[in-house]
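Scroll down for the structure; my scribbles are underneath it.
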Amino acid sequence: MLKTISVSTRSRNEMIDITDPVREVVRSSGIKDGIVTVFCPHTTGAITINENADPDVIHDMLLTLDALIPHHRQGYRHSEGNSDAHVKSSLVGTSETVILQGGSLLLGSWQGIYLCEFDGPRSRKVHILVS
Amino acid sequence: MLKTISVSTRSRNEMIDITDPVREVVRSSGIKDGIVTVFCPHTTGAITINENADPDVIHDMLLTLDALIPHHRQGYRHSEGNSDAHVKSSLVGTSETVILQGGSLLLGSWQGIYLCEFDGPRSRKVHILVS
Amino acid sequence: MLKTISVSTRSRNEMIDITDPVREVVRSSGIKDGIVTVFCPHTTGAITINENADPDVIHDMLLTLDALIPHHRQGYRHSEGNSDAHVKSSLVGTSETVILQGGSLLLGSWQGIYLCEFDGPRSRKVHILVS
């Protein structure tokens, strides 16, 4: 079962916990065992799995990504001025696959699923396939 | 259905749009709904999804990867002289999973699937599984 | 079929070849064709696929990751002191998908599957789903 959710982002760089909406899609699918594919159809966004307990982890992650891949860099040609966001997208990755077992996502105790925004604020979509 | 395609690369660092060959494999499979796994069986290559409209995005991505992970680094031990390519491979990732719906890849408007070459030119293979 | 394996790590940063245990899970599943999802349920670990022949490649990869993402960075807020490990986890990625064909993992000649430890030594789990 495929469902697409919408997420509004509020900053240029942001990570939004979408674990609950993903769980809701899983629940409504009625599927108990399989895999869940979470896919970001945007080239300046990404999906990742990381800690959902201490928000400082997210702060530190965005800080590091910005230090490694600053907004502007000598030699960039892309005229939209968001080449950094495209690079972050490919390094973090467009999708995540989560194992579904007995109706539950097989995530670790501290893991949440995040939509990463690297060129916001924007309206974003996330595709969730339960199969 | 599994198919392997061959790609010849022409530079040391290059990103080659393989969206059309992937679509062709999907079409010939006859499968309409599911997932498509695109896998690079090389340790100095990768698969990513990013913008397929403005080629400057690809230029800027390869520029950034080279700035972050230069060809040579103090302390490298691997005697083949391509440790940078192995690192890029693990950071960008060996495979991508794309959702297939109604016979179409559920990619965003600007998304294309790329084989990344980080130690070319070489002859490369890409495995495509429609399931 | 789902199986969880345990791995004890011995250093803060380490990459452990888990290809053989993954193959063992595949064998015991009896499944011949499909995909194998290898998932790390920890936010300071990761799964990657890279060279399994020359251990110097792994040395050089961990060296590069440490150069890019040092243990400490001005501005880090997370009080556990392992923000670097969380960033490495999201960049390398939480899981890998491998194609299974005729009972064999469709890996390239030099590819092995690795559990990456970025905040060890610890006891780690890896979930392996054959589907």
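As written, the chain order gives the labels A, B and C, with residue 1 at the start of each chain.
The criterion applied here is as follows: contacts are C-beta pairs under 8 Å (C-beta built on N, C-alpha and C of every residue); 3 or more make two chains touch, one makes a residue touch a chain.
Since the model is a prediction, treat every value here as computed from it, not as a measurement.
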{"item": "Inter-copy rotation, chain B to chain C, in degrees (Cα atoms; steps of 5)", "value": "120"}
{"item": "Interface residue identity across copies chain A, chain B - same or different by half", "value": "different"}
{"item": "Chain centre separation in whole Å, for chain B relative to chain A (CA means)", "value": "20"}
{"item": "Interface hub residues of chain C, defined as touching at least two other chains", "value": "68, 91, 93, 97"}
{"item": "Footprint of chain C on chain B - complex, ascending", "value": "2, 37, 39-43, 68-69, 73, 75-80, 83-84, 86-87, 89-91, 93-95, 97, 125, 127, 129, 131"}
{"item": "For the chain A and chain C complex, residues of the former touching the latter", "value": "34-35, 48-51, 54, 56-57, 59-61, 63-65, 67-68, 91-93, 96-99, 101, 106-111"}
